[in-house]
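Dropping the structures in below, format is structure tokens.
What follows is a pair of complexes built around chain A, which joins chain B in one and chain C in the other.
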Partner chain A sequence: MNIIEIKNLKVHYPIRSGFWNRITDEVPAVDGISFNIRAGETYGLVGESGSGKSTTGKSVVGLEKVTSGSILYKGKDITKKENRRRLDYNRDVQMIFQDSLSSLNPRKRIEDIIAEPLRNFEHLSKEDEKLRVLQLLDIVGLDADALYKYPHQFSGGQRQRIGVARAVATHPKLIVADEPVSALDLSVQAQVLNFMKRIQRDFGISYLFISHDLGVVRHMCQNIAIMNRGRLVEIGTRDDIYNHPLHIYTKRLLAAIPETNVDQRAAHRASRLAVEQVYQDEQATYYDHDGKAFPLVAVSPTHSVALPEKLAQQLAQAETKREAQA
Partner chain B sequence: MAENFNQHSDISAADLTRLSQEAKAEATPSTARIIWDEFKADKPALVALVVVVGFIAFVMIASLFIDTPKMMETNIMNYFDRPGTNGLWLGADSGGRSVAQQLIVGSRNSIGIAIGLTVISSTFGICWGLISGYYNGYVDWGMQRVYDFMMMLPMTMMIIVLVTIIPHYNAITLTLIFSIFYWEGTSRLIRSRTLAESEKDYVAASKTSGTSNLKIIFREIMPNISSLIIVDTTLSFAENIGVETGLSYLGFGLPTQTPSLGTMIANANDPNNITQYWWTWLPAALEIIILCLSISYIGQVIRRAADSSQRQGAAD
Partner chain C sequence: MWKTILRRILIMIPEVIILSILVFLLAKAMPGDPFTGSINPKADPAQIHHLMKINGLYDPWYQQYWNWVVHLFHGNLGQSYQYQEPVTRLIAGRATNTLWLALVTMVLTYAMALPMGVFAGRHEGKLPDTVIRVYTYVTYCIPFFVILVLGIWVFGYVLGWFPTTGSIATDANGWLQTIGSRFYHILLPAILGALFGTVNIVQYLRSEVIDAKHSDYVRTARAKGVPSKDIYRHHIFRNSLLPIAAFAGYSITGLLNGSIFTETVFSYPGMGLLFINSISYRDYTVITALVLIYGILNLLGTLLSDIILSVVDPRIRIE
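After this line comes the complex of A and B, so read on.
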């Protein structure tokens, strides 16, 4: 069952110039993307910086004004403010931010930060509210003495966990995680990620997991969408994307994952350069004449790629053949 | 839904009091406590605080015991009495009026106007700047054009004209007239910081937590620019003492029968007074200097207290 259905979402930022400050051009940050998130799954949205993945995430929580297209939740289009208010939408859809420090108000105590969504949506009594905050702190592994402290007194990992506690406070159904661990060091990354997984298991939350770190996405997500220049270039399961990538952009992203095996350094370097060479040579066939991705074409029930129909089938067949040999 | 959390956490209602006590023991000190620690760490500022508070309290109370109309009566026998003669601590001016009594009543008038003006103009300026900066877009555009129009008006000229038009003006009407013009600088300053602040993630987080816009403006953003607000308010308080004195000095401030620091400094218009009768103007001038310096010292301490990275007081 789909919890969220995104249909042909477009977010264009106007460029104003001239004496009358009129709109003279547009930046298509998100340019017509469609995908669905199923209940209880973690959906990965991957792309380089500037590809529009954060804008997509913000549109889903209702922070961004959408140019056209729709986002359906419980059959209602929540790109309209009216519908969001009527559904108490943000009670069910919350967000975890990338920068844990700037996403926590430095002037508020932890208790007030975590209780903020509770005060707006649940109207608990003072006692119940404090109890709930203490439970949330316990769930994210922080002591009760954090209650009256300020955000700057915590480490990055602890702060991000406070952000997670705030996001799960109202027991949401979907959490948009906008690069939740990219500002943290590796050991803390693992800690926070495992912890997000635990919460997902316990509460049955879906995540829209936005990241540029393919290693993290592989660890977290069942379904993945690759985004490039405001459009989706490839959608598929974890296996589709990591083991059978079809679009050159996906291959390039995968080639960029650092390898720790030092012995085969030369071989990795060679394969990386080969992918880059193909990208440089065949860019024209993979993108349309405006340098944009093509519309998505399904090559299997789970796997879609943004290529002309013929090329997509051809690549898919080559991929199956290659696998049969291996 | 609450059961859901109960399943995953060992904490139950029974632990509530114990845990909140534990948390209290570890709590960061309150704002008042931090400000007080900051004053204790900065002795000159503590002296400044005592001076300002003591002086304002003294002036407010002492002026209740002075009969102003009687004080302002001319007494030719005391013409330019030196300090200490005829029971006049600070001597008398050309009308034989006690300088010490005028100083007390005049300080009350000037400080009262400065406080009133600061409260009204800063409150208005802060609200204007916050709303303009937060909503941005058309709201900001409209509000900033009003601001531009107000800036275009020549302030001192307008005040002088308004003062001459209004028939029976007193300290309150004068304060209101000043307030029409003195919110502008504050509003621009606050707006610029609000523009930057409302782009931060915690504002977005508050929006997704369902907090209303007004609450975000005044409960989320305003505390975060409080150090700016405090510095601006203290400085404009010091400046506002100057505004009234300056205008009274020129003869367009309070009516002549109402003494103020400005009318007393205006005694220095006469070269004779400057050279021979120094006691008619020097006390008022010294008072303004000491007050303004002390206020800016206090403002610095409060600003440091508001910004945890600048604190000098006891570590938390």
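After this line comes the complex of A and C, so read on.
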């Protein structure tokens, strides 16, 4: 069952210039993307910076003014403000941000930060509210004395856990996690990710996990969409994307994962350069004449790639053959 | 919290000492001495010499400074030459007038500036914002004394709505009438001062609100589902008030200093008018005392600003 259905979503930012400050041009940050998130799964949205993945995430939470297209939740289009209000949409869909310090109000105590969504949507008594906040802090492994502290008194990992606690306060069905761990060092990343996984198991939450870190995405996500220049270039299961990438952009991203095995370093470098060479040579076949990705074409029930129909089938067959040989 | 305030007060002690030394030395550097002109012109120079000696005016400066400070602590700032009464009593009588004027002006200023600043910031680039911005620029451009004179002429003289001089009507009897009359006399200078003193607060608040509007924690609040009016009330307004709070203390002392203009134009018997008069009559003891008081008020203003800051911003408190 799909919890969110995104259909042909477009977000274009106007460029204003001149004396009258008129709209002279547009930046197509998100340029017609469609995908579905199923209940209880973690959906990965991957792409380089500037590819429009954060804009997509913000649109899903309702923070962005959508140019066209629709986002369906419980059959209602939540790109419209009145639908969001009627559904108490932000009770069910919350967001975790990348920068844990700037995204928390520096002049509010942790108690108020976590309790604010509760105050919006649930009218609890003072004692019940405090109890809930304490439970939430306990879920993310923080002590009760955190209640009266301010955001700057915590470490980055603790702050991000506060962000997680705040996001789950209203028992949401979907959490949009916009690069939740990319500001943290590796040991703390694992800690925060594991808290997120545990919460997903306990509460049955879906995540839209936005990241550029392919290692983290592999650890977290069942389904993955690769985004490039405002469009999707490939969607599929974890296996489809990591083991059978078809689009050259996906291959480049995967080739860019650093290799820790020193013996393999030279071979890894050679394969990365080979992919780069293909990218340089065959750019014209992988992108249309505007340098944009083509519409998605299904090559298997789970796997779609943004290529012309013929080329997609060709590549898929070659991939199956390679698989059979191996 | 208390630690921060205590530390801040302790820092003030050396500041006050340095201020008093400066004021004392400047007073010494003024031409003439306390007996110039106060004694019959035919006085014997030898006698003046004798008077200087017994009054300790030939002592080294630090000794004289010490005597001055001891007198200061006994509440003795000397005698006014012009009014022939103790400076402390003279200033005390004027200070209450000035304080009331400053207080009413300040309340009116903030009551107008805060809503205007937030409103302009919230509707950035739209018509109300433009109107408020033009208003602040216009008030900023016109010199204050021009406004005062114009105000007196229009509202005091042509329309006759307000009194134009003094701090109280001569025929006011009973406490209710007294207070009413005092307030009536304060009203016009206070309204003019407030109308033309909003520019700093409005502009600061406006740009702070615009900054805060696009900040990450406001985005977080929106993602939490906080309604827009609560975002403005709980998140943006409180955080935007910080720089305003930071100079609230200064603006109080600024008003006391600015009262020099207002009081002169309105012939309002406060410290500002006293200061101007003392300068024109070379009333040295009064000038010295007033400079010292203004200096200490400025220090108190910064202290107040710091205390307000530490109340609103938890990050600057000393743990």
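Just so we're on the same page, the second predicted complex is superposed on the first by the 326 of 326 C-alpha atoms of A that agree within 3 Å, B and C clash if a C-alpha of one lies under 4 Å from a C-alpha of the other, contacts with A are read in each partner's own complex, and residues count from 1 in each chain.
We adopt the following convention: a contact is a pair of C-beta atoms (placed from the backbone, for glycine too) under 8 Å apart; a residue touches a chain by one contact, two chains touch by 3 or more.
What you see is a predicted model, and the numbers here were worked out from it, not measured in a lab.
Annotation for the three-chain superposition on chain A: chain B and chain C clash. Contacts of A:D202 after superposition: chain B is touched, whereas chain C is not reached.
By the touch criterion defined above, A:L104 lies against chain B and chain C together after alignment on the C-alpha atoms of chain A.
Of the two partner chains, chain B is the only one touched by A:Q135; chain C is not.
By the document's definition of touching, of the two partners only chain B reaches A:Y148; chain C does not. The partner of chain A that touches more of its residues, comparing chain B with chain C, is B. By the touch criterion stated above, A:Y13 is placed in contact with neither chain B nor chain C. Of the two partner chains placed around the shared chain by superposition, chain B and chain C are both touched by A:N120. The interface of chain A with chain B overlaps its interface with chain C at residues 61, 63, 88, 90-91, 94-95, 97, 99, 102-108, 116-117, 120-121, 150, 152, 166. Those residues of chain B that touch chain A in the shared complex are 1-2, 4-13, 15-16, 19-20, 22-28, 200-202, 204-211, 220, 223-224, 226, 308.
Within the complex formed with chain A, the chain C residues making contact are 215-217, 219-227, 230, 234-235, 238-239, 312-315. Remark: chain A residues 61, 63, 88-91, 94-95, 97, 99, 102-108, 116-117, 120-121, 150, 152, 166, 170 touch chain C in the complex. Listed in rising order, the residues of chain A touching chain B in the complex are 58, 61-63, 88, 90-91, 93-95, 97-99, 102-109, 116-117, 120-121, 127-128, 130-132, 134-136, 138-139, 144-150, 152-153, 163, 166, 171, 202-203.
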